[in-house]
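Same chain, two partners: subunit A is paired with subunit B first, then with subunit C.
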Partner chain A sequence: MELLASQEDMSQDEALRFLRKMEQSDQLGSFEAAYQTVKYLRQKISDSQWGKAREALDLVKEQSARLLKGQRESSVGNMIRRVMKIIKDEHFSSGKEKTDERDTQESLQKLLLADDDEEEYNQPKENLKESVIDSMCELLSELETSAEIVCANSLEHIQNNEVIMTLGNSRLVEQFFKTAVNKKRKFQVIIVESFPNYRGHELAKALTEADIKTTVVSDAAVFAMMSRCNKVIIGTNSVMADGGLKASSGTHTLALAAKHYSVPLIVLAPMYKLTPQYLSSYDQDKFNQTISPHHVLPYNSGEIINRVSVSCPLYDYVPPDLVSTYATNIGGYAPPYIYRLLADLYHPDDYNLKQELNS
Partner chain B sequence: MSAPVEGKKVAPKSAAGDVLVEKEPFLAVIIADSYNKSLQPCTLDRSREVILYCTSYPQLIRSHVEKSKWSTLMNIKVIVNEDARSVGDALRDLDDKQLISTDFVLLQGDLVANLDLKSCMEIHKTTRESDKDAILTRVMKDCPPGHRTRSPNTSSLYALNRSTNQILAHQIVLDSKKVKLPTELIREAKELELRYDLLDCHITLCAAMVPSLFTENFDYQTVDDLVHGVLGNQEILGNTMHVHVVEDGYAARVTDFFTYKAVSTDVLEKWAYPFSPDTEWSNENGISLVSFGNKYAVSSKLFSKKCNLGSNVVIGDNTAIKYGASISNSVIGNNCIIGANVSIQNCYVWDNTVIEDDCSLTNTIICEQVRLYKNTQLLATSKDTMAMQNIDFVLGKGVHLGPNVTLDQPVLLTAAAMKDDWGEPFSAYESKGESGRAFNFVQPTEESSDDEEDGDDTSAEEDDSEDDAVIPDTELFYNEVLDTLQRAEKENISADNIILDINSLKHAYNIQINEVNHMVIQAVLQRPLQDISDTATSSQLLTNLKPLLKLCIHVFKNYYRSDKSQHECLLAIKEFVCDQSHDLYTPIIGQVLMFFYQNDILDEDVIVKWYETSLQPGKFKTQVSKLVEWFNEAESDSESD
Partner chain C sequence: MLHVFLFYSSSVILKVLTEAAKKHPKLSVIIVDSRPKFEGREMLRKLMRSCPTLSCSYVFINSISYVMPLATKVLVGAYAVLANGHVMSRIGTAQVASMAKTYNVPFLVCCETYKFASRMQTDSYVSNELGDSKQLMNINNRAGPLSDIASRPNLHVLNICYDVTPPDYVTGLITETAVIPCTSAPVVIRVKQQYNIVNMKPYA
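Then we have the complex of A and B:
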């Protein structure tokens, strides 16, 4: 018994450590966060005793409360939704024959009025646990290959002698360019440096090492440089439910400039970045995140600190009409199609995780 | 988030399995007490949120540690020592307990910082490798004069070796425009850097031997004392100290109201990110950013549509703000009610406070459960609204003010009268309006005297300055004399040394000479009583007393030279035997006095005079009368001869 308890402690410890790590570092990235979340949930699900779908869902919910607390990375929530969707799907598919029967027999009216699932998930199903864990392993391998698949399409997006603009530093964008260059495409990249953390400089360094012709410009020069670009390719923090973007600050300017010059804007978005959240008019500011303005105005500047207010927001919201195409790991999509992908990936009940947790 | 003070500790990385070199554990010592009373009265009812070494509020700290997420991540040891009065005491205690065996980080609980301590520690280790005598590294921030986190009381000048950052001299510069530096410094140093722009973050990276230095020098109270001590003994001991100036990151300590305000503003303006009201670190009740300009709130459903929130504002949960209220640069706690047309600027309002209509507050800290009745005005002393200002008003827990009261002079108020050690209220009642309940808060005066005194007998000094009553001192003196006598008996110390001892005690406790006379004899008489059993007879007492009296003959001769002092001595004997009812002495008092007479300590005339004027009839007088009769007989004998 004691041994069990200590094992429990250890795994909880690890989870918290992983969470702390995610919080501490903005650099960890959404992929790592998503991957760790699924891995952690898989471990929880396989370690615990459960027989019914409801129990598994409760387990995930309980863990998600801890995972989501103070979490800025939206991919954690996305992965929790995916796992919940997997459990629900496996629950129905394992009792396939029965579900089919019900589907044919029940009328639309009955389907509407039935307070269905709550009861339904309490039905014990055979081999549910095994199939859920199998599906989660599939999800993990999907995550692992997602960047590769997105990059595999790079030749379709980058043509010879094109001038491509990007902003800041996204590991996916870097990989995307490198894949193209490895396949002997010749092109030029203009990087917007992204004040004040200058992540663009990091990307410039990486690309020049890969022999890609690179120009770094300041954030203010976006509009001036846009006229000579053929394409804009950027990464994003997340893709919102309306097809808009939550991307690093400066992206909105970039997207507007691209629209003005009719330059196509391609967003590299593996599916774990797709979130069912969307920006509503009343919480514009909650959506954003401001960090220490030390790099905008050094803290040791003296008395001026008392007299000015300095702010350093991290994100921009980019409305869907400014985005031309999403290059995802399941193909290219236009913004209006995002809602369809959402319905495929997540169960509608799980869209609002916080609400679920409260109830 | 009523008090945006947060203790932070960077997670220690445990020894990683895949690294061959075994890493030393990362040890941090956090002193939970500030040992600083300048934030009273707010801190009277509240503990800081901190970990590890604590003197006050151990339960609060324990429960905080248990609740916090840190406890699962690292090994937190809470040590409670209610006797520690300073950082020095705490480190001495840790040295005593042998808890520290590696280099460690010394922090205090009122620190707000987002520094990477690990990299600081690495720099400390590199310094230690190149300079074996380096014992500590102080982490500093570059912070030019005029900066708000520079508390006006803590400006220091550092003389550094430019290439190694070694501290060559350190001086606290208060108001004086002059700085004194030893000339050797300028002659010897190749590259000397004088820096006045460094702000001590109060993060000190110490070698394992630092606590033992504190033990060796029992008068060190703070790290500053240590720095001065080490600099003073540099030529003898050869220990060196260094400074590490951090470029990025934020660190500041809340030591007084001025820095409380500065740090709080920094937190709201995100300088201390990720320690800001809307992030996970400090967020237990779901405060989020409501709009740009650093406005934070849990929910705005209790705010009037016509209230006006300026920048840098935090509003707690379940707090209502009525129409026309305007709030800027302020923190409001949970469950507060802010009335109509209230104006609040540069204020910190803690939980459960009610501020009624038409009040106007500036530069104020309001603790829990305060009530301000209608039209209470607390007006700023300075008109420059942009400049960083000090806190003018502090209202302690439960203070009531108003209605229609205007304060325009800085004041600290508490709800209950301050009491000194004797339970006597010493703070004046301040009538602040019809429904007012407020007392002036008086800072205990001990603080200032401490710094100049050499630590040796600070406890006695403190007592002395705290209350004018002399009684405890005389008692202490009396006990010390008793101890001296006991030692003298055991070790056969000569009379001269006893006198020396008593004289130094006299100076230590500031005792008047007549009191010394009074107490020396009483102590001598008291001394044998300590050794004999309750059932002992007077004759046993006498046999015990005699050797002591012999030993002290010269002592008595020293103190009882004049007639007056001899008379005092006799009065003291009478008081000791009669008034303090040491009845065992009554039968033998004649012999004792005889001894004094025979050894030329007490004069015959004095004894007779004392006998005639000061003694009431009783057993005691009868005993003495035998002696007096003998005097008379001897006199008549000699006359007849």
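Then we have the complex of A and C:
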């Protein structure tokens, strides 16, 4: 623990302050949110006195209530689940060889007949704290390298003379294109500007500075331009448990146009974006967030303002059948495989964090 | 309650809705708009003036996935109906059509038969009208991050005005003679040619 309390570590509430700041603006991105969450939890776990897995889990739960309050970024919840999974895994593996019984590929029968885990976590284990903290450091370094690993595959996806469409501005997509161009690939990018933030303009600026031929089109020109594209490469807010996407609004249209012209849709999704939420596309209000409509219709538009209802949702749900491939930091996967990754990364008891917190 | 979803400003649509609002007091419309022209705002103003009872919603084109499940039908105007059944209309129409198809909402095009053209086009890129790219670079009438485009030889801003909707997304064309499927466009053109109504030259 002395090792971990080094200079670069955050002070007690610095991480929490950071997360509060992030809550107020969506500029910081899901990577920072994930990274700071793990760092914060590591701090809490190493600072507190605990000997049993149950105590550590309670500690994480207590913190997660604070972290998740009003949190827009799903990667915060994902990282809490990853940490809980680490504690559970380390509990079962510390001091003895990992038995088949606790393998992630539990059969239904074994799940039914298994003893109550709640009892099990009260057993004290030797060196549990050390191994949990070690695993959390591994998780942090996995996060640090995730973007780099995704981008390392850029040459597999981008060929010479291709025309690639993207929407809005994802830092990962920008890095992905830049990696390809640094490896001497010549290609063209069509950027959909993405109302209301016009993030596409920022991406266009960054790409032209990296000497990539770039064309900016409006959100309405997606279908018209798709006939000229070879690939669509986008980032996303999160990857849902069914293999669908929660991505910035306009992505569903983009995916439909890509499907119409049989253009592959590649989603760059580091694993911290994988969330165990399921959604139906008809259940928009439960997952979507709407922001101030003044971007859509300015308040100074005169008398019409009084009689019109204006909405400005932030996200689109994209069903899994419209996605061709996920390029993740642990390899490329098709949407039907996402459920398996989910089982590998999170413990099934932690899927619904909020419900557990409320109970 | 009847929800009609419509896209961009069109004089035919305005008249259709004004008529419909008189007969259906519970009619409500969702207007979809796009950059850079924001013609939907003008449509909204006109509609509110002509039908005081109509309840209106207004969204931007990238939110259509959010509002489409609420719509019971989509009405659009057209710039031209081509001989192969494709509908040429204001940019963004094809996106609305594909979304309507996804949610199984009927997509109806209101179009007088004088707009039936004997030319053919299968995608929007082949022949189109280019708008001023400055309109796209400006954000809320102010210079955006791309205003220094002249110093960036790699950067292009493309502001195309029309797009072509494939006939499989169009449920029906509502014309002054009948409600017809897109595939009947050549029939209308042939009949009109017999009576010398349509110009024979394909690219007149």
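Going forward, the second predicted complex is superposed on the first by the 321 of 359 C-alpha atoms of A that agree within 3 Å, B and C clash if a C-alpha of one lies under 4 Å from a C-alpha of the other, contacts with A are read in each partner's own complex, and residues count from 1 in each chain.
Assume a residue touches a chain if its C-beta (ideal position, glycine included) is under 8 Å from a C-beta of that chain, and two chains touch if they have at least 3 such contacts.
Quantities reported herein were computed from a predicted structural model and do not represent experimental measurements.
After superposition onto subunit A, the partners subunit B and subunit C occupy separate space and fit alongside each other. Once the two complexes are overlaid on the shared chain, A:C312 sits against subunit B and subunit C alike. Using the contact criterion defined above for the overlaid structures, shared-chain residue A:Q43 touches neither subunit B nor subunit C, since it reaches no partner.
Once the two complexes are laid over each other on the shared chain, residue contacts for A:Q159 go to neither subunit B nor subunit C. Of the two partner chains, subunit C is the only one that A:Y198 touches; subunit B does not reach it. For the combined arrangement built by superposing the two complexes, subunit A sits at the apex of an angle of 80 degrees to subunit B and subunit C, based on C-alpha centres and given in steps of 10. After overlaying the two complexes on the shared chain, residue contacts for A:M225 are found with subunit C alone; subunit B is out of touch.
Look at A:K69: by the touch rule set out above, it reaches subunit B but stays clear of subunit C. After overlaying the two complexes on the shared chain, residue contacts for A:N352 are found with neither subunit B nor subunit C. Subunit A is touched at more residues by one of its partners, and among subunit B and subunit C that partner is C.
After overlaying the two complexes on the shared chain, residue contacts for A:N300 are found with subunit B alone; subunit C is out of touch.
Shared-chain residue A:K213: touches subunit C; no touch with subunit B.
In this overlay, which is a superposition and not a single complex, subunit B and subunit C have their closest Cα atoms 8 Å apart. Within subunit A, the residues touching subunit B in one complex and subunit C in the other are 284, 288, 302-303, 307, 309-313.
Those residues of subunit A whose C-beta lies close enough to touch subunit B in the complex are 12-13, 16-17, 20, 23-24, 69-71, 284-286, 288, 290-294, 299-300, 302-303, 305-307, 309-313. Of all residues in subunit B, only 11, 69, 72-73, 114, 141-148, 197, 248-250, 269-274, 279-281, 283, 288-294, 311-312, 386-388 touch subunit A in the complex they form. The touching residues of subunit A, counted against subunit C in their complex, run 193-196, 198, 201-202, 204-205, 207-208, 211-225, 227-228, 249-250, 252-253, 256-257, 260, 281-282, 284, 288, 295-298, 301-304, 307-313, 316-317.
Across the complex, subunit C meets subunit A through its residues 33-36, 41, 44-45, 48, 55-67, 69, 91-92, 94-95, 98-99, 102, 123-125, 128, 136-137, 139-140, 144-146, 152, 154-160, 163-164, 166.
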